[in-house]
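Below are the structure tokens for one structure; questions will follow.
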Amino acid sequence: MEKRVIFKGVWLPLLLVAPQAAITAVFFFYPAGQAIWQSLFIPDPFGLSMRFVGLGNFEYLFGNSYYRASFVTTAIFSTLVTAVSMGVALYLAVLADRLIKGSGTYRTLLIWPYAVAPAVAGVLWMFMFNTRIGVVSWYLGQLGYDWNHVLNEAEAMGLVVVASSWGRISYNFLFFLAGLQAIPKSVIEAAAIDGARFWTRFRTIVWPLLSPTTFFLLVVNVVYAFFETFGVIHTITAGGPQQATTILVYKVYADGFVGQDLGSSAAQSVILLAVVGLLTVIQFKYIERRVHY
Amino acid sequence: MATLSLRNIHKSYGDTAVIHGIDLEVAAGEFIVIVGPSGCGKSTLLRMVAGLETITAGELFIGADRVNDREPMDRNIAMVFQNYALYPHMTVAQNMGYALKIAGRPKAEIAARVAEAARLLQLDPYLARRPRDLSGGQRQRVAMGRAIVRDPAVFLFDEPLSNLDAKLRVQMRLEIKALQRKLGVTALYVTHDQVEAMTLADRMVVMNEGRAEQVGTPLEVYERPATLFAAQFIGSPAMNLVDAVAEAGAVRLADGTRLPVAVAAEGPVKLGLRPEHVHPDPGGPLAVRPTLAEPLGANTLIHGTLDGVAQDFVASLPGVHREADLPETLRVSVPAEAMHLFDAATGRRIGP
Amino acid sequence: MSGMVETRGIGHWLTHAGLILGVAFVFFPIWLAFVASTVTQADIVRPPMPLWPGPHLVDNYREALVAGVNVPVARMMWNSLLMALGIALGKIVISLLSAFAIVYFRFPFRRMFFWLIFITLMLPVEVRIVPTYEVIAGFGMLNSYSGLILPLVASATATFLFRQFFMTVPDELAEAARVDGAGPMRFFWDILVPMSRTNMAALFVILFIYGWNQYLWPLLITTDPGMNTIVMGLKQMFPSGDDLANWPVIMATSILAMLPPVVVVVAMQKLFIRGLVDSEK
């Protein structure tokens, strides 16, 4: 944090940080504080005033089966998204890494889906699996399988998982490829000379050396699955069928904006805040260690 | 071109004092070299003159102005940094003209002054290039050009040659000296290299642990070093120091040998003998047992012991002497005027 | 590369096959959408739709851009552009200023400010939607560009990135500038900012995409379809109830929604990758 050379003056730096300070105060801390405050109240039946209930909202939430279900749904969802997007990305990265030339071309081809918004990805996949006109669902019908993610909960979950993972593969691919290419060739060759075949090499050498990247991606992907997938859910299933795909962040929106239950929504926000906080702390603690490698 | 006056300059960082009272009067156009080992405070001193560090106590005058509290840009100084500090995204011409641009000088004037400095330093073909396209020596010159263009009262150099290879250093040394002579600007130059100090300085300041051990011309420091430190810092290979006791116009060495000296002294002293002043002399009072010879071509360094007196003794003999040809015992003598006496307790020189 | 050891013969072809499969999986949905945007509604409504582009590309895109479903797509793209540029440039500018102040000055609350910015990393917009909505509504900024941009502008990541970069700038450069007579803001503008060009460009790519792809926030604060951004407006082009959607136009819109970020990523691939790697550290 310390540089030897500094400029004199107190008013100038305060002026320089003023914009960020102001925006952060008005649009970050104030709303966050408001959320925490509002989580302690519930609106009266007419929505005219708020009644203090202390931790009542939280108690209610944890006792509410829908909310608990949402927790489970989120856990399943984020695990699947993380596993699929990281798994496929790792597979592709390992393949690309094996190439002497051409990995650059594949990299170009595979990275740009990162630019596609989750909501747009949702529309694309929904189009393919649309119960009436979707190409994939039609071919599945020809094969005897009646696809209907509007009614079938597992299919709905499957679809949103795939749509969420699809764009994410690029991001993970990039990092995995970089991580693999950072492993010194000589180490791999030494292992090969020692008689290790590909799978053994991967298990005993590549995987451990890749672990900082893997851990980092794990945290980042979980955060993504928790928050940035709102667009996918909203576009494809709107949380259904029967809230089978209502992840926590979607529920905040549904209860707060659609259902107008401000207190509950605020309490849910606070819980999410705690989750994010925990994940961020883990991420930074680990990143700091990583930097010292 | 202006005079420079440092009066009782002190510097402390919190409770730690690093500069303990430096006095220096520099005449206009004089080239002063501050030389000393790492950590002696020479760079700190230079930066205080520049205004990049505050002066804890004492006064600093540039010309007739007391400049203690002035910003660097108001002191009419220019500085050449050790790592050149060139602005990487600007061309050579823009680098050199930057200070003038800030001062609001008209474009034509800036262009003219930059062109003139470029001509002086043979940078004409490089004016449109960026620093990353230049060699170390060229960057050095650009850094100097930047200083020259400002037409300052004082030039400050912070170890400008230490990042260059040996051959380039020799060449740049000469260029800097010639340039300073030509422009006649007062210069303060910091280095840890005593050869640079000896060749560049009109006068030099030998610094150690925040104190000025000696201020004088290079030859003065060489011929009459004021302290043990100065005696050993200047001159290569370093002066031999031998323990002795001074009594009645002579010094008595540990093995009893008595050498007459021209200085009146009493008590324990250190006797200083420069290797280049040790001459082979069949009748000489000292006996050297050679252990190793280092032939350098023009001269040969003989490492050995002085029986009963000193474990490491170095003599520098002109010409080539092969180790195999050296006798087991070499008798040598030192002329009386080349014997330096230092008080064993204080390290200060005894005598003129 | 870790696979250098055995990539001859069959292994080599299998590797390529696997990668090509991956590329196909990634491209297929987009290909399909593109095809859908070049055929007629009738072609799509009677499955299976064709798998090869049709002749109606110009018609569909024109219809989308000029009329859209509820609002011309051209208008939505314009909104998205303003929002994305506003967010990207806004973040870069205020982060540059803050990082400069943090690194090169000492002022009261400096450390506290640094940690407060750090905490904002833990506050994605999703955890503060209702109160932030109230704040924006209170300012009368619903359905406005400033409402779309401001809550997304403060960025801890960019500030950290610039701070890290500034720490690597040699002290001597600032000292030389000081000796040359440059005050702090001159030093900032003439020297620090030009030196930060690559960082700024890399960050711009990431932030532009981030801004363009915003969904939840624009969804909440725009009720006037004229203020829709293309990413959030896409969903609103779907009819409620049992009506059939205008598929060619919708899929044309989805292609248009992807286009600018993809172009940016591909055109500035090196910078993009660098920006990703740096900003996630």
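Remarks
Chains here go by letter, A, B and C, matching the order in which they are written, and residues are numbered from 1 within each.
Just so we're on the same page, a contact is a pair of C-beta atoms (placed from the backbone, for glycine too) under 8 Å apart; a residue touches a chain by one contact, two chains touch by 3 or more.
Just so we're clear, the structure is a prediction, and the values are computed from it rather than from any experiment.
Of all the chains shown, the one with its CA centroid nearest the global CA centroid is C.
Comparing the chain pairs B-C and A-C, the larger number of C-beta pairs in contact belongs to A-C. Between the Cα centres of chain A and chain B there is a gap of 63 Å. Chain B and chain C have CA centres that are 58 Å apart.
Chain A and chain C have Cα centroids lying 16 Å from one another. Looking at chain C, one finds that residues 175, 178 touch two or more other chains. Multi-chain contact residues of chain A (touching two or more other chains) are listed as 5. Residue numbers of chain B whose C-beta contacts span two or more other chains: 52. Residue ranges of chain A in contact with chain C, taken from their complex: 1, 3-7, 9-10, 12-14, 16-17, 19-21, 23-24, 26-32, 34-35, 38, 88, 91-92, 94-100, 102-103, 106, 108-125, 127-128, 132-135, 138-139, 166, 169-171, 174-175, 178, 180-181, 183, 185, 188-189, 192, 198, 201, 206, 216, 220, 227, 230-231, 234-235, 249, 252-253, 256-257, 262, 265-266, 269-270, 272-273, 276-277, 280, 287, 291.
Contacts from chain B toward chain C in the complex involve residues 50-52, 71-73, 77-79, 81-90, 98-99, 102-103, 146, 150.
Interface residues of chain C facing chain B in the complex, by the touch rule stated above, are 170, 172-173, 175-182, 186, 190-191, 194-195, 197.
Within the complex formed with chain A, the residues of chain C that make contact are 1-7, 11, 15-16, 18-19, 22-23, 25-27, 29-30, 32-33, 36, 44-45, 47-49, 51, 93-95, 97-98, 100-108, 110-111, 113-114, 116-117, 120-124, 126-135, 150-151, 153-154, 159, 167, 171, 174-175, 178, 183-185, 187, 209, 212-213, 215-216, 219-220, 231-232, 234-235, 247, 250-251, 254, 257-258, 261-262, 264-266, 269, 272-273, 276-277, 280-281.
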